[in-house]
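In what follows, subunit A forms one complex with subunit B and a second complex with subunit C.
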Partner chain A sequence: MKHDVVVVGAGMAGLTAAVRLAQAGLDVAVVATGQGGLPLSPAVVDILGYAPHLVASPGQELPPYVAGHPDHPYARASLDALSKSVEWFLELAAPLGYAGALDHNLMLPTAVGGIRPTGIVPETMAAGDLPAGAEVLIVGIRNYRDFYPQLVAENLKRSSRALSARAVEVGLAGDARALRPQLLARRLELPHVRSELARGVRAELAEEQAVGLPAVLGLSMAHEVWSDLTDSIGRPVFEIPTLPPSIPGLRLQTVLGQALRRHGGRLLIGSTATRGSGETGLLKSVTVAESSRSVEFEADHFVLATGGIATGGIVSERAEAPREVVLGLPVSATSGDHNGTYFQEHGRDRIGLAVDNQLRPLNASGEPVYRNVHAVGALLTGAVPWRELSGNGISLATGYAAATAILGGPV
Partner chain B sequence: MTSEALSPFEVRASLDHCIKCTVCESACPVAAVTELFAGPKTVGPQAERFRAGSHSPDHSVDLCSGCGVCSRVCPQGVRIAEINSRARAELKHQDGVPLRDQLLARPGLMGRAGRPVAPLFNWAMGNRWLRLAGEKTIGVHRLAPVPQAATRPFSRWVSRHTSPPSGRRVVYFHGCSTEHFEPDLGMKVVRLLEHQGFQVVVPKQDCCGLPLQSNGLFPAARRYVTRLARQLSRPSTERLPVISSSTSCGLMLKREGLEILGLSDPSLVDVSRRTVDLFEFLLGLHEHHELKTDFAPVPLTVAYHAPCQQQNQLIGKPAFDLLSLVPGLRLVEMDQLCCGVAGTYGIKREKYDIAMRVGGPLFADIQASAPDLVACDSETCRWQIAKATGLTVVHPAEILYRAYGGI
Partner chain C sequence: MPHLETDVLVIGGGSTGAGVAWDSALRGLHVTLVDRGDLATGTTGRFHGLLHSGGRYVVKDPSSAQECAAENLVLRRVASDCIEDTGGLFVTTPLDDPAYADLFEPSCRAAGVPVEEISVAQALRREPRLNPRISRAFLVPDASVDAWKTVSACVRGAAQRGANILPYHSLTALEVEGSAVIGARLRDNRSGAEVLVRARCTINASGAWSGRVATMAGCRVGVVPGKGVMVAMNHRLVNTVVNRCTMPGDGDIIVPIRTVSVIGTTDVPVEDPDQIDPTAAEVAAMMEAGEALVPGFSKGRALRVWAGARPLLPKGEVGGVSDTRDVTRSHSVLDHEQLEGVGNFVTVTGGKFTTFRLMAKDAVDLACGKLGLAASCSTDVEPLPDSEAQHFYWLGARQEEMETDDPDDPLICECELVSRRDLRMAVARRSNWALDDLRRALRVGMGPCQGGFCAFRVAGLLHEDGHYDARAATASLLAFVEERWKGVQLMGWGDQLRQERLDEWIFQGILDLEHLPE
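So, the complex of A and B:
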């Protein structure tokens, strides 16, 4: 099987590269062991939340930040690629009403009532960016067990925004048993069900300026559900992320998957790339497991988006050095121990691949291992995304930049 | 997933890799439509820990349709569908297998019984009063799709057909449906392969045992698939590709017999490696520039649905790719995971409504594409889609056959 590009991995980084390459007319196949991380993601694009202080404007802080961290994925991809990738994403994700800009972080409530400094968010979440001290009603839905309004409200009071939050729970008729998020999201697409929810919320509403609901406001009709609830409740309404599965993540996954298909790309979920073969400096194919045999996927270019140590792109077994699982590429920042305090950076937090400015993994002498292999997303060294809150931003910028490199433009 | 089948022990042990991420729960087509099913993670890796011997803490695993989406989307390689398939069989073992499931598990029996009286059989299957009686007595839903019995089995045509001798030979595994219900499809598949210059060997063959497996009758399923593997590996056909036009039966040979039934019979291991889906084979020919492309235009709009069992072969969508080469054909790719019927699942009285709800988005998408025809590789899915949409649903081989000018 021969393609222009084979992308390994179907998370935010892999799909970004794949969609952009397919849009440019290339024949793209995505192979992935599983579905990718979007169904677990709150689906906001964090650009830079902490450096390590709270960041109000990533646009202002990033130039000195990447200058001081030349191996940071943003430095490798370039800040220009980051801002272009954001523009590209806003257009692609327009059906979900994504908005935001590099120069301003929104401060959104999290699933546990923390405050998340984040950059690009769906329209259904934007109203969660409230001024300090604002009064807000946090509404749970009875029998939906993956959202804890009391916990959210209590923590929001203690958060940096010191919101005046109050928790209530609203029931929907006929719900005797545990509600699953997809079913709940689909039910709220029925006008009479969301009217019932809106009535329940209005009955509880006092002086609050805004209403936070679990992020289950519709699966394929989020805009209708959210704007309808906003109108009928009469206050700004916003979604708060929940425990997984993440409905906003599923919405984004659907939009990216549809874009890939619309441009002729192929998505092969369940297909594991096990190794590569080629000659010095040039990868010819990756071996992909089918149900009863293995086949070679040949391509001119490859994008590796398998994730880091948390998602299996890099494996670290007890007595062995960490290894990159598909091509056995050299892994950086492998040393260091736990320093005894839980919240400090661990010596191995930065395990990943070192890349050049076309995102090609490098060998020990600083040369690209393969001219035609690009690594993106959490697989890269140089950042600790969960500490600085930059995960989807890195995925977006590097996925976009890898596509640019393959298309032959300036990165 | 790896390309090597796992042993039953390894299938069960894979549950330790579950990180409770819920990706399977968000992809499961059954969990998306009913709260009655606790979801693949709960009934699979979670409940499995508590299944010791014959006691299952969860009975809703019976509502798993076995579509296999969960195993495909799992980022950790947990064999959720396979664990659930084995748990369902254990549940049946405890609770007993109803007569209905015993019958549905043996399509050959129904086909053979129906054939001598095919017009009567087909009339009875279309009669709403008899179907209502059938629902009340044996539990086959009165509206569920059932195939039409053929007057003459495919093997009759085979016995009168001489495949032109060639140095390139293939074995054709046609499955029960072609034999008893759709013999015309088998004839067309043989002609398509002969058109590419192959001599087609069609050995005597019986059921692969898949319906027995999905109805929890593992011992009989093991006997059936082992017998079939031996029928497909006679000395005269050693090493030949075994071409399957039935996606679920092909997967039974490729993987499920080994992984779900836990067989290690050498004939089955050998046949599992030689089995290829019809369009996988044809697309492979095309990639080696060996496929004839003397296509006539087919000026039709065709909605193509890749069935779940075909997707579980992890071979992409070869029928879609190949039919894309046919001039004049407007091929619309459906983007839904499952039609709901999942073999015999959706025709059972207590599961029919769930199956129709699972298939709902697919049926709507098909209707929205306003097709002249629908193409789908799997027989039970074709019958389900035809019944639900009122459209004509064909195997993609029928379209290719037409593109070759009816050969």
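So, the complex of A and C:
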């Protein structure tokens, strides 16, 4: 089986690269073991939240920040790629109404009532960026165990935005069952269920300027659910992301997957790339294990987007050096002290691949291991994305930049 | 300053102190029990959960073995709800001197430890993961025991009989009048308030800390804290307690307890029982040691590491003890009136969890003598609360409960099957729970995800129920996350590292806990 490009991994970074390459007319196959990181992700595109101080404008902070961190994935991909990737993403994710800009972080309520900086957000969340002192109603749904409106409201009062928050809980008919997020999201796609929710909210609503709900407002019909609730409640409504599985992440995964197929790409979930074959400096194929057989996927270019330790792209066994699981690429592992408090950076936080400016993984002497292999997303070293809040931004910028490198011409 | 009057003041809320409280209360005494932290957070909450048959000690410390054998039988009767009847195996691995096995069986018989040699094939059928190269196997009545449940049952039983239980109260001074201890001065560690307790008799049951407490009354207890490291594995690698049939050494026991199995332990004398953080080298030693009993152990998924400080009494308290296993594991009850002329003050120390009831009995016997009370001990016949039916705990208990209880009750902790109702029932038992206390009471946060999902839910629910204000909920959540980190920071490999990364995405990426207002 021969493709122009094989992408390994179906998270934000892999799908970004794949969609962009498919849009450019290349024959792209995405192979992935599982669903990737998006169902775990709140699906906001964080650009840079903390450096480590709170970042108001990533656009302003990033040039000096990447200058000071030359190994940062943004430095490797280039800030130009970042800003182009954001423009590209805003267009691609239009069905979910993503909005935002590099020069201004939005400040959105969290499920524990903090205020969290983020860059690009779906339309269902944008109204959470409220001015200081604004009045907001936080609405919980009875028997949904991953959202506690009172804690959100009380902490929002104490937060940097000092919101004037109040909490209510609304029950839905037949809600006795312990509600799972997917079930809740699907039920809210039924008009009579969301009318019931809207009625319950309206009954409690006083002077509040906005209404926050857990991020479960519909899976495939999020726009309808959200705009319908906004209209019938009569106030801006926003979703607050909470524990996985993430409904907004599932929506984004669906939209990216649809875009890939629309442009002729293949998406093969349940297909694990196990090793590569090639000659010095040039990868010819990856072996992909499917349920009962192994298939060779040949390609001119490969994008490795398997994620870091969280998604299994890098495995670190006891008393062994961490390894990259598909091609055995060299892993840059800053070891060292794991002691200290939880909210410090720890030695193992930056385990990942070092890459050149075309995002090609490097060997010990700083040369690309393969001319035609690019690594993207959480697989890269140089950042601690859950601390600086840059995860999906890195995935987007590097996925986009890898596609640019591939489209730039023959290797 | 509030004044409390009591018959018996118990210092230390571990198994011994809880046992003293339960015993005293059954004899009709009014008890006040204090601990500087939550109950069972010192040595008791930090062992491997082994209810000894006595087999471990039959060669080296036969008197200790006899005590264990007798107490094992008693606890099976009175604390059945806290015990899982796993049985125990002593097996001779290729690393062990075969001569020990020849000594083992007669020594068991001499100490009254029930023992039966079984064939290697039988042992492997019972425990398929066991090293197939073992040469001999002996079955003994070891079991696993939930220390938190036991302590909780003791203090609940005592409280039902009027006892005053004061966790999170530090002892700031022992009050001495004339030549007798007449009570103590406490500080409530959460409110900062001072509390004065007047007691007719004070029992120092603070284990590895008992030397420190005794000093407050000018007395001396020559206890040596012995650090022991344990690692909890994600699975029940064995369903029977397995011991290497050899002189006690490091990492020679694996205990299946609840949903995990625990390997232990080490023994290093330390100066300060509060300075016992495990090291990476100790973790590595435990992981490697497990290979002798269960091949592949070192590749298993390890959840967490911790260390406890045993209270050890050197024989004759000779100085310069290097291996604390050379000291007796029996206990001592010290009458400070006889020793130093300080009246109404008793120390009970040494010993081990398996003999906590006997230790308590001996201490309360002495105290009763001082108080001129004739009542005799009944803890050997009176079942602890929840153990009345004399049914052992079994692994499927929570699943069974879930299937028979309200199916609509949402699970708060999937790893350990804790429902919202379970949480609310536990919380109703007392006030002032920290999230980490609930971990001990309910096992929320003890499973593979180490609190990644449930910590947030518990904080949210307790706030919703009015148990916490937002500041306290936040503080408790952050404290839980830090406490959890202590146990997982050295376990950074394999699937557990992957799990930790997911937790980081939840705690930091999604919830941004670090930047919450204090």
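Just so it is clear, the second predicted complex is superposed on the first by the 405 of 411 C-alpha atoms of A that agree within 3 Å, B and C clash if a C-alpha of one lies under 4 Å from a C-alpha of the other, contacts with A are read in each partner's own complex, and residues count from 1 in each chain.
Here, contacts are C-beta pairs under 8 Å (C-beta built on N, C-alpha and C of every residue); 3 or more make two chains touch, one makes a residue touch a chain.
In this text the structure is predicted, and so the values were computed from the model without any measurement.
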Combined model on subunit A where subunit B meets subunit C, clash or fit: fit
Touching partner for A:Pro244 - first (subunit B), second (subunit C), both, neither: both
First (subunit B), second (subunit C), both or neither touched by A:Ala132: neither
Touched partner set for A:Leu190, first subunit B, second subunit C, both or neither: neither
Comparison of subunit B and subunit C by subunit A residues contacted: C
Which superposed partner A:Ala178 touches (first subunit B, second subunit C, both, neither): both
Which of subunit B and subunit C A:Arg318 touches, first, second, both or neither: second
Touched partner set for A:Arg387, first subunit B, second subunit C, both or neither: second
Which of subunit B and subunit C A:Leu282 touches, first, second, both or neither: neither
Which of subunit B and subunit C A:Ser271 touches, first, second, both or neither: first
First, second, both or neither for A:Ala67, with subunit B first and subunit C second: neither
Where subunit B and subunit C come nearest after superposition, their Cα distance in Å: 5
Subunit A positions touched by subunit B in one structure and by subunit C in the second: 40, 177-179, 244, 312
Footprint of subunit A on subunit C - complex, ascending: 284, 287, 298-299, 408-412, 420, 453, 456-457, 459-461, 463-464, 469-471, 473-474, 477, 481-482, 484-485, 489-490, 492-494, 497-498, 501-502, 504-517
Of all residues in subunit B, those that touch subunit A in their complex: 1-3, 5, 21-23, 25-27, 31-33, 35, 39, 71-77, 251, 254-255, 272-273, 275, 287, 311-317, 333, 335
Touching residues (chain side subunit A, partner subunit B) in the complex: 1-2, 29, 33-37, 39-40, 177-183, 186, 244-245, 250, 257-258, 261, 266, 268-272, 274, 289-294, 311-312
Residues of subunit A that touch subunit C when the two form their complex: 40-42, 49-50, 54, 110-116, 143, 145-148, 150-151, 154-155, 157-160, 176-179, 241-244, 308-310, 312, 315-320, 338-339, 341-343, 346, 348, 385-387, 389, 391
